[in-house]
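Presented below is the structure to which this report refers.
Each chain carries a letter (A, B, C and D) given by its place in the written order, and its residues are counted from 1.
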Amino acid sequence: MIKISVQKSDFDAGLEISKLSELGGGAVSSFVGQVRGDKQLQALELEYYPAMTEKALREIAKQATGKWPIHGLVIIHRVGRMAIGDQIVLTGVCSDHRHAAISACSFLMDQLKTVAPFWKKEIMSDGVEKWVDERQSDIDAAQNWRN
Amino acid sequence: MIKISVQKSDFDAGLEISKLSELGGGAVSSFVGQVRGDKQLQALELEYYPAMTEKALREIAKQATGKWPIHGLVIIHRVGRMAIGDQIVLTGVCSDHRHAAISACSFLMDQLKTVAPFWKKEIMSDGVEKWVDERQSDIDAAQNWRN
Amino acid sequence: MTTELNIVYFAWVRERLGRDEEVVHLPDTVTTIGQLVTHLQSLGTVYSEIFEDVGKLRFALDQEFVSLDHCLQGAKELAIFPPVTGG
Amino acid sequence: MTTELNIVYFAWVRERLGRDEEVVHLPDTVTTIGQLVTHLQSLGTVYSEIFEDVGKLRFALDQEFVSLDHCLQGAKELAIFPPVTGG
């Protein structure tokens, strides 16, 4: 089971974990990223490249299934405007082995951050808008899987 | 928020993740372990040491909060008889940073497997009962965090 | 016969240009993305500013990441955008 | 005055012994867990079999993991069990 979704609507992390649990692997790892209430942040605007984003996520999923024995995985990424505390992204993996599930789930996030065409704009409480810069730590994390 | 629970009843992984999400860290990592339908397995019997188990889990939680900046964590471990597909254990961590959340969640599982007094007995479909042996890979995984 | 290429822009590149896509007619001298960038810089001040530091930009040709020395031949769509920041 | 210690057993140790706890009267010569193990081996065939390979067992004194050379003095409860296998 591979589920990839780029969507405006919110998702139910518990439901997605339940679906992964039904695959019978015994080990389900998941990660949820939310809008963190830093500084004067009021909202986040998520832009994407419709023709490419889902394709890029499918490629990441394919790499994960090549690296680890996986029963199923899910990647859900929201787009559009999100408020503080809102869920942005979910990655989840079901495997027979806990380290495979945890590593693959972490891999999906690290790759997604560096190769999936999404862009975040911060909207501050004073109305100022700022496109988020890429972070070296994200680049390093993605690179580490190649070593 | 630190929640430790050793219980007979099932748990709601989605609900636990929701509670962690409400802490505002922005990064929530979780792991769910279930009874895997291997071989002729019919059920699993989980025994524990009431006076010591929760104490051992609290110590593991304390170590995690010392190693990573954590807003909250949860460890739920079931005891008693469980059928194939049933949930056994949940670990979940909320942090500001995804690698902290993922590492801490993985740490909780690795430590729990080697120092929390739980014992698994496999009950096979032919009625044969077998206590599960410790696995070297679990010992190694727990040891790796000390290096 | 003129070669045409659809270019799509995202994030601050889109905002600075004030458009999310456009069709560009490629001169015969333009065969790589690097050469196209030089050509785009000649189209006006905003273009020349955006492409001044090309290291801050990423390029995807027909939805695949490519480098500046990649050939445009046969491609239908070029995307130009800043480094991705999802997740 | 005799020193008494409550011993609790888990998993296959409990099953083999057919009991989950017992109170043991400690002879004066027993001051460490290792010495207690030797003492327990003298109590019968089942005991001597269980403690034959002491490396397969783990010990917790008043709910803290301890090694064989640890002193029993002042402790209330010793737990003897196989390596843990939760999770």
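Observations
Keep this in mind: a residue touches a chain if its C-beta (ideal position, glycine included) is under 8 Å from a C-beta of that chain, and two chains touch if they have at least 3 such contacts.
Note that the coordinates shown come from a computational prediction; the quantities given were computed from them, not determined experimentally.
Taken together, chain B and chain C share the touching chains A.
Taking the mean of C-alpha positions as each chain's centre, the chain lying farthest from the centre of chain B is C. Between the Cα centres of chain A and chain B there is a gap of 23 Å. Distance from the chain A centre to the chain D centre is 50 Å, each centre being the mean of its Cα atoms.
Between the CA-based centres of chain B and chain D the separation comes to 27 Å, rounded to the whole angstrom. Here the spacing of chain C and chain D, counted between their Cα centres, is 74 Å. Shown for chain A are the residues that touch two or more other chains, namely 33, 98, 109.
In chain C, the positions touching at least two other chains are 87.
Every pair of chains in contact is given here: A-B, A-C, B-D.
Only residues 12-15, 17-18, 21-22, 24-37, 84-85, 87, 96, 98-99, 101-102, 105-106, 109, 141 of chain A touch chain B when the two sit together in their complex. Residue ranges on chain A touching chain C, taken from their complex, read 33, 46-49, 51-52, 55-56, 77, 88-89, 109, 112-121, 131-134, 138.
In the complex of the two chains, the chain D residues touching chain B come out as 8, 10-12, 60, 63, 65, 77, 79, 81-87.
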